[in-house]
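In the two assemblies presented below, chain A is common to both, partnered first by chain B and then by chain C.
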Partner chain A sequence: MEDETFLTDDFLRQLINVGEVDILVGLPTHNNAKTVGSVVQTIRSGILRGFPRERAVIINADGGSRDGTPELVTGVSIDDMRPTTNLNALRTLHSISTTYANGAGSGAALRTILAAAELLRAKACIVISPESARIEPEWISNLLRPIYRDGFDLVAPTYRRQKFDGLLMTNLLYPMVRALYGVRIREAYMPEFGFSNRLGSRFLAQNGWNESGNGAGIELRFTLAAITGGCRICQSFLGEKEHIERRAADLVPTLRQTVGVLFSKLESDFSVWSTVSGSRPVPTIGSEHELLLDPMRVNRKRLREMFSTGVAELESVFRSILSPSTVGELQRIARLGEEQFQYSAELWVRTVYEFAAAYQKSVISRDHIIQALAPLFRGRVFTFLMENRSASANEIENNIEGLCLEFERLKPYLVEIWKSRE
Partner chain B sequence: MREMIVSELTQALHDLARGFAHYLPRLIVMLILAFIGWVIAYVVKVILRSILQLIKFDKLSENTGASQLLSKAALPTATEVVSRFVFWVTWLGFVLTGVSVLGILGLQEEIARFFLFLPHLFVAMFVLFVGLLAASFFSRAALLAAVNANMPSARIISLAVRSIIIVFVFSIVFEELGLAEQTMLVAFGIAFGALMLGLAIAFGFGGRELAQRFLEEKFVRGRKEQNENEDELSPL
Partner chain C sequence: MPLNTDVLWYKDAIIYQVHVRTFHDSNGDGIGDFPGLEQKLDYLQELGINAIWLMPFFPSPLRDDGYDIADYHSVHPSYGTLEDFRKLLDAAHERGIRVIIEMVLNHTSDQHPWFQEARSSPDHPRRDWYVWSDTDERYKGARIIFLDTEASNWAWDPISKSFYWHRFFSHQPDLNWDNPAVREQMWEVMKFWLDMGVDAFRLDAVPYLVEREGTNCENLPETHTILKDLRRKLDEQFAGRMLLAEANQWPADLRPYFGEGDEFHMAFHFPLMPRMFMGLKLEDRKPITEILQQTPEIPSSCQWSLFLRNHDELTLEMVTDMERDYMYDMYAASKPMRLNLGIRRRLAPLLNNDRRRIELMNGMLMSLPGTPIIYYGDEIGMGDNINLGDRNGVRTPMQWSGGWNAGFSVAEPQHLYAPLIQDPVYGYPAVNVVSQKESEHSLLRWMQRIITVRKSTGVFGRGSIEFLYPANHRILAYLRRLGRETVLVVNNLSGTAQAVELDLRRYKGNILIEMFGNNIFPRVGDLPYLLTLGPYQFYWFRLRRV
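Moving on to the complex of A and B:
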């Protein structure tokens, strides 16, 4: 296997010592000392509860942590859990930690985990985010069982979320992936997921690892590869997803690793998505979505101001990316007051599709195209917040469904501008 | 006396005829070279135009802002300008080679200097194009970064970045062409210094409150984090 050459000798030796396994848990880390200890304990507990007879290994791919994260992963012992859980292992549960070369990049981490899974011939693998402070032992079974027992290739997670969490997911990624690829996966950008050895090996061989830089957004590439590869996909409800505080400056990097990856994949997947019409649900174990309606503090005024400022200041950039009618419409709504402001679903979908086509044509630097989307996304978020501020969980879900249908309805427009736009 | 005049006149006519006979083949060679040069220059122009159209050079020059400059000056598209420029330079090169065949003293040296100048001209054009491209790219990058960081006067920041790069590029271009090097150096120094001083004064006076806010937010971390968390929702 060619890909083993990037693994260190020491890591290979440890893998050889482990031998073949049934279950592999991948844990990509980078300075996660605060949370990783409890996460590893929960993983161990989950394996012992759900798969006590299976041969299992935890592979920690670390991006060069300086806070002792790898030591915490390998240092957690089963003995730490015995007093509270009364669990007994029938087999040794190995923990191996390795540091990959290219700094903190989710791509290098996943590549290491996939290569280890292939070498160890793991039947079912999962990847767990080290930031999942609310992880429960059941998450492990929920992700592993569909692969190990039911023969699925990819298990995507679904979560219980705060109603205004994950707005990029609900307003762009989920509806766009659903409309274009025809598969209703709620969390295409997956912090936790399960996969079969078959899918892992195929992705390891096919993905252009050197082209994708440090591999930001590799999780989304993985999902899209599973869809385009015709793999058996299901969703599994895990539980409450922790609300992670974000700073304003985090939006652009997030857009790069999600929307940027999606736009770039559309180019190579054109022959697949351009022929798909409508969408189909995927089998879901447990609830497909759950919303918490706790009140959240949001500075709506600032969101709208950033949208209006962006539309005014970036006019020349938008004229390169968007059609004149879309620019005109954006300028019109940017002048509206807070109460009248409405970034409609149709305008939002047209905006996103025109951005995708402009990205494909590289009308300006692709990174600049992604950056230019940030103020517009804030405008859409503002409208979403206003529309749903006192909405029930069902009403919010209906609004998301309406947006998804709008993405599906306007798909021919994307195909048209994709083919014809100069 | 009459015989002397006739003899001198005959001699002069004879010299003229000999000189003409001496120069006629060279003149024909020059004309042939000029004609061949025209044909070659035309072919080069057509090929270059096709290549530039193929690589969407007009789109690229639109991104650099060069197209807008050309359209303001009522000039044709960037592809047309470049292909015409190459046509004229190529043809002029052949014509001058032809002229040098005539062997006119003094012209030889000027022609040699022209050919030595050509590489500098091409380098200057290349620097100008890449410079405009860089100015456009970095000014847009500054604009986007400033807008996304919610900084006031994002367009002014972008314009300042563009101006600095363009001034710098033009100073390199003039130096490469060897045009008024000293004047350009002094002018560049004055312009750049004035720009920096202007920015320093502008930020010092105009942006006093902004600087104060920035420093407060930078060093009073708690306040910054509180503001930011209040403003942003987790997108994923």
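Moving on to the complex of A and C:
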């Protein structure tokens, strides 16, 4: 068992009181009072509806909220001390909270949840985002059931999303994880997910918790650990995922905790992914994906400007990361007008692969490499938006599929440059 | 040992429920009888019980195991004579054992002469002793209790060409308690037995005495008026005798049966029993504490009657649909185990013959507020036979020994009123009184011990209860208090070892004395009192300031 000294005595006392459980719902939070109340009420409803007989617990790992978030979570406990809230429940439902050390960080939160799951011998666990404003009680069943009843180790979510929501996922993470690891998981960077005790314990023991900073991007590490560990993985459709507006300045931190994590994992997983060819679907319960075609406001002009500016200002950086031909091609398209601009799938895949190889070699600071990807990603997004502005859901999906196939087709190129730089 | 003279004797009682037919056969006809029961009174005295509750022993066609009475003033010839009953009564009293008998007020057998006369002619003077109707459309609000066998509460009488009302089987017509003559006659019946010396009545099916249109015909004010009248007469003429209500109702509906201490002395706490089983299976005290939280205060002279199992199915009427489904799945996975809205199984098979769980359930039975009732044979862990019809599977002969007919009867086995339990686990060669008496650690010995400990203090029978709510929900803990005496009860409902912290700060300075071994536990201080309990373990501690 992983060293659990990072758990506080008070939290351990709470775990002793909870005892062995069948189901554990983890809720990492940090100042989420605006949304967590309804989220946790829905979680409770989901447990009561889907698993009324099972021993369940809600574990809140909080990063030091100052807005009363933990109190909102613990308030949904069902016990005999508050009979008015018993909701015709068969049994006690504990909802407990602990504050982990070292400030907010999804890694510390997940580590706390995993440790609790192991100590409580939870058979099936899920993690729910405290920001999931559109969560429905069925999400709980949809994530838990494949673990609890069908023996899967990891349940990744699929959502109904706005067509231009999750562009980093559709243009980079999904196709690259698919091409490299050979497994088609739509949301490898999972806001919500389910996992077995077996997978949780293994990850708890194996993950280098002290080396991974505050653990940003831990969800992606978790997915990749499940894949490389040969775990049984499936996807489960949850429902509509709300679109959360991100500021442009948020892109680099997001790239760090997603692409950065992926690039770093490629290093340790080379023996796995370098031998994989093609990809296979994973069992999916419900829709694999659903798109809403509601119009979204996107400042395309600004995207292209940021791309062009980046290509101009970061030329020397790019020359240390990218091949001359790729740099040349980027400079060429940067000069094109809006109507002619085209950041093709092939060029985008080559770009990403060359970045990954450069990251592995640490040709410059790894953080600078990730930062340098930001303007290029914006250029790719501009093209994606232009290509799909009038497209139907099927057409968009076909375009994503085409990009995925391009990632798979060019994978030998990655292996080649990876090896050549060794 | 003379009977104690305390009029509240029932609060300190430990009742043993037995059917004369099932206990011991003295004349070799294959059916238990009064002399046989009398011969076994020493066994019951040794067990430690101080009251027996006899199921119906009146003349009856026995289509409902005697709850279909055909004569209220005699005993069924299979069980002996009235004189035999009198002897039993005296012998029990000599041993300090009170005798509670069954009295079915609500209905008679259709073979009872009263009904035969009533159906003979609409003009017969006894016609109005029963409830008749030209239509079966009246009292539609009344539920059908025996859902598995009855489609209506009305039955057609081909003799008098009209319908008669029955809340139970159709061969059990309800008496018409609106008729003053019926009321007078039934009091005379009770008086007959009280004059003989019986100590108490267990009054069967009392919620259903009166019918009124537009109601569910249960718990009606008119019914309570009748019961209060019976109680008044009892107090006036037979002080110190007791009435025990059988009313399978929710606690709030049961409360009126105590009146202001002027109706029943005792009533069964039906909703608690299934929740004890539920709490054990869930490993969660919530079902138990919740139902007890919903249980209203009762007058100081009144008492709840608690039981784990009895002669009927484990009734699931007083649970929610979700709880009932859970109970069925957990305790009666096989369809033949189910009957009506319940489970027809004995205690030991319900608990998979797990000694630890049997002890824990008996521990709770003996320590929760009320008077415990032990169903015959459960003190040795007898099994059941679900292949027998109705509820007969839990009414098989008492297993006294591993010898001929389990020591129950010298008759040929085929002449026994019911087959013996013979399976390898619960059969009489494995489970019997003789072998358990010889084993120091048998369930029987353990039952004797817990009864002794229970009787060592009045706190369990008469004390108040206060639940502690430790954060560990697998632990059911409560304080029983009477005067200056305080007992702490801690039950682990879980099959795994548990740690629990109890807030006992107000008892700071007290030491805990474990009541079974009289060992001293650490003194209570400022910190939460930490206890560890093994699987299904329980503690009774006497708190004492030294």
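The criterion applied here is as follows: the second predicted complex is superposed on the first by the 408 of 422 C-alpha atoms of A that agree within 3 Å, B and C clash if a C-alpha of one lies under 4 Å from a C-alpha of the other, contacts with A are read in each partner's own complex, and residues count from 1 in each chain.
Everything that follows uses one rule, which is that a contact is a pair of C-beta atoms (placed from the backbone, for glycine too) under 8 Å apart; a residue touches a chain by one contact, two chains touch by 3 or more.
Only a predicted model underlies this, so the values are computations on that prediction, with no experimental measurement involved.
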item: Touched partner set for A:Glu338, first chain B, second chain C, both or neither; value: neither
item: Touched partner set for A:Asp150, first chain B, second chain C, both or neither; value: neither
item: Partner chain(s) touched by A:Glu20 [first = chain B, second = chain C, both, neither]; value: second
item: First (chain B), second (chain C), both or neither touched by A:Leu167; value: first
item: Touch count on chain A, higher of chain B and chain C; value: B
item: Partner chain in contact with A:Glu240 - chain B first, chain C second, else both or neither; value: neither
item: Contacts of A:His94 with chain B and chain C, given as first, second, both or neither; value: second
item: Touching partner for A:Leu251 - first (chain B), second (chain C), both, neither; value: first
item: Which superposed partner A:Glu416 touches (first chain B, second chain C, both, neither); value: neither
item: Touching both chain C and chain B, counted on chain A across the two superposed complexes; value: none
item: Chain A residues touching chain C - in the complex, by the definition given at the top; value: 13-14, 16-17, 19-20, 52-53, 55, 78-81, 83, 86, 88-92, 94
item: Residues of chain A that touch chain B when the two form their complex; value: 164-169, 189, 191, 243-252, 254-255, 258, 296-299, 302-303, 305-306, 309-310, 313-314, 317, 320, 363-365, 368, 371-372, 374-375, 377, 381
item: Touching residues (chain side chain C, partner chain A) in the complex; value: 278, 282-287, 289-290, 293, 320, 322-323, 326, 467, 469-474, 494, 496, 498-499, 501
item: Parts of chain B lying in touch with chain A, wherever the complex brings them together; value: 59, 63, 137, 140-141, 143-150, 154-155, 225, 228-236
